[in-house]
Amino acid sequence: MSKDSFGTLFRVTTYGESHGPGLGGIVQGCPPGVALTQDTIQQELDRRKPGQGVASTGRKEADRVELLSGVFEGRTTGTAIGFHIANQDQRSRDYSDIKDVYRPGHGDFTYEAKYGIRDYRGGGRSSGRETVSRVAAGAVAQEFLKTLGIRVLAYTVEMGGIPARLVDLENAQDSPFASPDPEAVPVWEELVHKVRSQGDSLGGIVEIRSDTLSAGLGEPVFDKLDARLAYALMGVGAVKGVEIGAGFAAARKRGSENNDQMGADGFSSNNAGGVLAGISSGQPLVVRAAVKPIPSISRTQKTMTIQGSETEINIGGRHDISAIPRIVPVLKAMVMLVLADMVLLQRAVKTADKR
Amino acid sequence: MSKDSFGTLFRVTTYGESHGPGLGGIVQGCPPGVALTQDTIQQELDRRKPGQGVASTGRKEADRVELLSGVFEGRTTGTAIGFHIANQDQRSRDYSDIKDVYRPGHGDFTYEAKYGIRDYRGGGRSSGRETVSRVAAGAVAQEFLKTLGIRVLAYTVEMGGIPARLVDLENAQDSPFASPDPEAVPVWEELVHKVRSQGDSLGGIVEIRSDTLSAGLGEPVFDKLDARLAYALMGVGAVKGVEIGAGFAAARKRGSENNDQMGADGFSSNNAGGVLAGISSGQPLVVRAAVKPIPSISRTQKTMTIQGSETEINIGGRHDISAIPRIVPVLKAMVMLVLADMVLLQRAVKTADKR
Amino acid sequence: MSKDSFGTLFRVTTYGESHGPGLGGIVQGCPPGVALTQDTIQQELDRRKPGQGVASTGRKEADRVELLSGVFEGRTTGTAIGFHIANQDQRSRDYSDIKDVYRPGHGDFTYEAKYGIRDYRGGGRSSGRETVSRVAAGAVAQEFLKTLGIRVLAYTVEMGGIPARLVDLENAQDSPFASPDPEAVPVWEELVHKVRSQGDSLGGIVEIRSDTLSAGLGEPVFDKLDARLAYALMGVGAVKGVEIGAGFAAARKRGSENNDQMGADGFSSNNAGGVLAGISSGQPLVVRAAVKPIPSISRTQKTMTIQGSETEINIGGRHDISAIPRIVPVLKAMVMLVLADMVLLQRAVKTADKR
Amino acid sequence: MSKDSFGTLFRVTTYGESHGPGLGGIVQGCPPGVALTQDTIQQELDRRKPGQGVASTGRKEADRVELLSGVFEGRTTGTAIGFHIANQDQRSRDYSDIKDVYRPGHGDFTYEAKYGIRDYRGGGRSSGRETVSRVAAGAVAQEFLKTLGIRVLAYTVEMGGIPARLVDLENAQDSPFASPDPEAVPVWEELVHKVRSQGDSLGGIVEIRSDTLSAGLGEPVFDKLDARLAYALMGVGAVKGVEIGAGFAAARKRGSENNDQMGADGFSSNNAGGVLAGISSGQPLVVRAAVKPIPSISRTQKTMTIQGSETEINIGGRHDISAIPRIVPVLKAMVMLVLADMVLLQRAVKTADKR
């Protein structure tokens, strides 16, 4: 759980840049005996793939994953699972326009401040392409969670300020914009077209949910389930806020409204979002992430050169209008990685009396 | 960075329950030579002390810290700093009323689900008293950060839905409700009295800010500065949401509005909240945490017994009306712990060419 | 597993110096429901207590442990276990003789080189007194391991070059010199008297063994069981070598001699010492640690002042002649801490098919 | 620092099996600006390559490393460095002879006990081929250490019980058997031929040394420099013992002999092996690892089938007679990984007064 590693027992470590040979990672801690194939991982990657939907006009990448270790005869062996996704569409183009200029809203300035050196080709390590490794690792977590009956859903609840109704969560992830609301789709589509014509971009809000968690996951006092989820989601580029259950609205409720009272059948509401005192309660886990608009826009923007003088920049080329829906499987992957880790950590706690 | 430990290099590990002998912790990684006394730590603890302000009617605790190691002749030695805060006001009362009942909004149910055993006296480890160790550790971080010229401010920006204006950030932490707005104080006071008379409780929103960070702090791709801050703040009991810069509002902006353009003098706005691509940009760091209303209310609530039957509960006794303002120094402490750690981590990065 | 923390899931973090208020630590990850009292921990501490046996003439310390958290009604709750051992016999003496001089064989020089500041009173953090926290934590591990039927023995196999026979391992830890061989005792006693009269000191070799481990413990490729044991034992002050099974002698054997062949009843020899490819085999675990002679001797030694000039030093006062037998419970504690951690880690691996 | 990850700040995580698509890893924490090419890494890999010297008759593997990320225009960028080494000579042979049988001295039995599933092709993850990733990562550490003037040497000091003299350490690593003694070479060669004709195998002792360390490296009380080195070396397959400085011989010395006294010019001896109280002293670092004989021998051995019945096994095919000299660059790599990490950790400690 530092830098390029995420998780304690179920843990992924990643590498790779936007325009290098490829990206990939190593998943540790996946228990042995879990059915796993390249195709299963590929399905999740395909949900994140560039060039999907009207909000995406990005580069073409097949994003084919290759499994390198840790699987034998179709099952995990308990050892490290290596995977690699080759970059294909690294157009050998001229970067002289962005080499000496910081793109607003990107990490160009801060990477240079931190490291004193910067791979300026497409953002290097700070590129959104980095999330391909998160999705691949999340797909491994998903197969493990399946063996326990745990499923995670993710969908868009708001785009450009326009909300969706929670109509169909099950099919949302393969719907346009990962929308749980068929009626929101044409409205968002129209918005996307309008914003594109303005050379601008859009943000939104994504909700991730699991109805199948048992109580007891989370490791207080610092590795609380909600703390780890916040860490996981806020660590995805473009996310600027995270909330659980009633979230920010809870700050405006009275205690008598916000408390989830209980009866013989369990809780009678879920303002907590499935987590009490940092531990899952068995109620549905419900978290949301606020996604900022894509910083690459075709409008002219003011910026600074690396020499410190003012200049203007027009970011042409292939850019999505919104991180939605491609960020949806990424956020889902992060939640699954947290849950897989928490399940393993809880095993150590609860079987105290038997070996 | 797991369970009771927080941080990678600058790291605190804590112990202690509400009604045991005391609480405390161990701070590792504080560089040698930092001036540190019990009094310095005590000052921060006093800001969190029970029984302060109109929103607090809690138990009396002196919360005297004792330094146990790691300081020699008034300066840190670079070795582990142990500290202990004895519990004093553990009224030897009868717990039979809550022993077999889960208090709504508390961790009673989930601790039992997780561990199969529960210290029911005042919440045990899940009590808000646990945060006393966070504040003590944060005070150590503060002394270290001071040697670098880094200061962190924290203040209440909203209470019970009523916002404060950002008038005076410097003196906010020692103002009533940690309010940065003198005019908000009487309004909030009136609200507290009203809510108390209704046997209810209040939440609010706290902002934490630092204007003195240099660019370069944060460890992508998983230990981004904002990810660590979200982890730190969401891990504090009662926090249900975290946002940075424009936060959730960013999800509703267009890219052209949300991007912080640059000129020769640097950034011309700060929607990013001081973090770009997970690394500090040198702009003011601005994060907010949503704090839920205190779950202990004197109104009658429905709940469940540990045997699974429905019952009612009236939580009498000593309870604050709001976690604000006592949570303010706790949240500030968590941010300082993150920053101290990030500063140490950055040292390893940036001095590559010299030993 | 860094600096003052040891272990991944079953983890101890310690603090404390020779002449500060006291020493202690925090044990995380001990599963709930384990019977634990101060007395149980005290028993192990008493085995390490100063002033025991003919080789010890050290200071008097009651070394009374106080449990601060994590235990409720005689059982662990699964939360952090804090403990503290107050220093009592910190004679308020004059340190001017060692304040400006590096004692040969001690950490005075290297602590100053590392931290630029040094608590010169009795070695500060580098004192052997630090191990009191290891023993207390090991005692917690021992109670947990007992619930699984795992026992660990430790005993002296050589002292000052004179070996013991492995006659009675069970009772060794409470015998003089922790000797497994009654006949070795008077021989070693005589040696101790002779060496003391010469103003000199002695080393020895300690073996730690467990006959009750199941196969499967150890986390390749880096956290192999033997790697962790080597880390654990070499990290104890005075240990200069660690070996497992045939150890250094294996380097001189042929493969046909060293391989442990198997039959229907299992292995027919144990040159491996119970670990194959970093994982316990179910055979007895057998490790040895080489303990250097105590560096504090009453003979005159040449050394350097902190100003860099040559000087002589006579270390008077209270010093043991040998770290044996007091180091024996320390080394046993470290092995138990490793085993407790490995048991918890293995739980995550092996229950893949069930929650 | 768990399972497949090694190190705290300078950290490598690895994957890969003997007969899968390949092996590789991710190096985190290498500071930016270090010159690094595939060729530099390849040089170290070539020292470990199969089929070298008279003791090796192993399979042919080119072991070509491919750099996947973290390097831009010939210099490290401070981000994760991915690398991959494809397996080439995975002869598609019949494994039915070892599929159901545990090879003596190998991890077949324990991997099955641990994971309940086993990649039986050439040992899978437990194969010595795993060390190729360690060498590649060590080569990155080496380039970083070079920028600080730190060099590490490794050489064979004993083979099959026959010692070498320490004549020429500088050129040892490219000499036959990595021998520092030209006269030992023909003697060892003769021994190898004899042992091969007997269908047997040989072990030995390797020493690793650095004369260029400054004082101050090591993180007490658990991450002492010697503890980390023991962990690093004992974690290499075939290593059964580790010692530092006088090592096991120190257990037989008197304190007056073993103490390294000091004068105005520093230490007058080096029994400590360059580490005092877990921190480097600035003297030469000297550690040794005992390497057991290769367990794959062509003699008939008794063993057990996975069904639990007794059987015999003849391990034919391509096997080295000794892990020496191929293990020498592996052990050197592990020491360099420890040193790189310790240098980074010390940076956080020593620059307390300045940012």
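By letter and in written order, the chains are A, B, C and D; residue numbering begins at 1 in each of them.
In this section, a residue touches a chain if its C-beta (ideal position, glycine included) is under 8 Å from a C-beta of that chain, and two chains touch if they have at least 3 such contacts.
Please read all numbers here as calculations on a predicted model, not as lab measurements.
Novice: Shared interface numbers for subunit A and subunit B above half of all numbers used, same, or below, different?
Specialist: same
Novice: Indicate the whole-number Å distance between the mean C-alpha point of subunit B and the mean C-alpha point of subunit D.
Specialist: 45
Novice: Averaging over Cα atoms per chain, report the distance between subunit A and subunit B in Å.
Specialist: Here subunit A and subunit B have centroids separated by 26 Å.
Novice: Suppose each chain is reduced to the average of its Cα coordinates; what separation in Å results between subunit B and subunit C?
Specialist: Comparing mean C-alpha positions, subunit C is 38 Å from subunit B.
Novice: Among the residues of subunit A, pick out those that touch two or more other chains and give their numbers.
Specialist: As it turns out, subunit A has residues touching two or more other chains at 2-5, 8, 14, 29, 32-33, 78-80, 114-116, 125, 214, 220-221, 349-350, 352.
Novice: In graph terms, with chains as vertices and touches as edges, which category applies: line, ring, star, complete, or other?
Specialist: complete
Novice: Can you tell me which positions in subunit A touch subunit B when the two form their complex?
Specialist: Going through subunit A, the ones touching subunit B are 1-6, 8, 14, 102, 104-107, 109-111, 113-116, 125-126, 130, 158, 160-161, 195, 198-205, 214-224, 226-235, 237, 240-248, 250-264, 266, 268, 271-273, 275-282, 290-297, 299, 301-304, 308-310, 346, 349-350, 352.
Novice: Taking the touch rule as given, give the residues of subunit C at its contact with subunit B in the complex, in rising order.
Specialist: 2-5, 11, 13-17, 20-26, 28-29, 32-33, 66-70, 72, 75, 77-82, 84, 114-119, 124-125
Novice: Which part of subunit C faces subunit A closely enough to touch in the complex?
Specialist: These residues of subunit C touch subunit A: 8-9, 29, 31-34, 78-80, 144, 147-149, 214, 220-221, 343-345, 347-353, 355.
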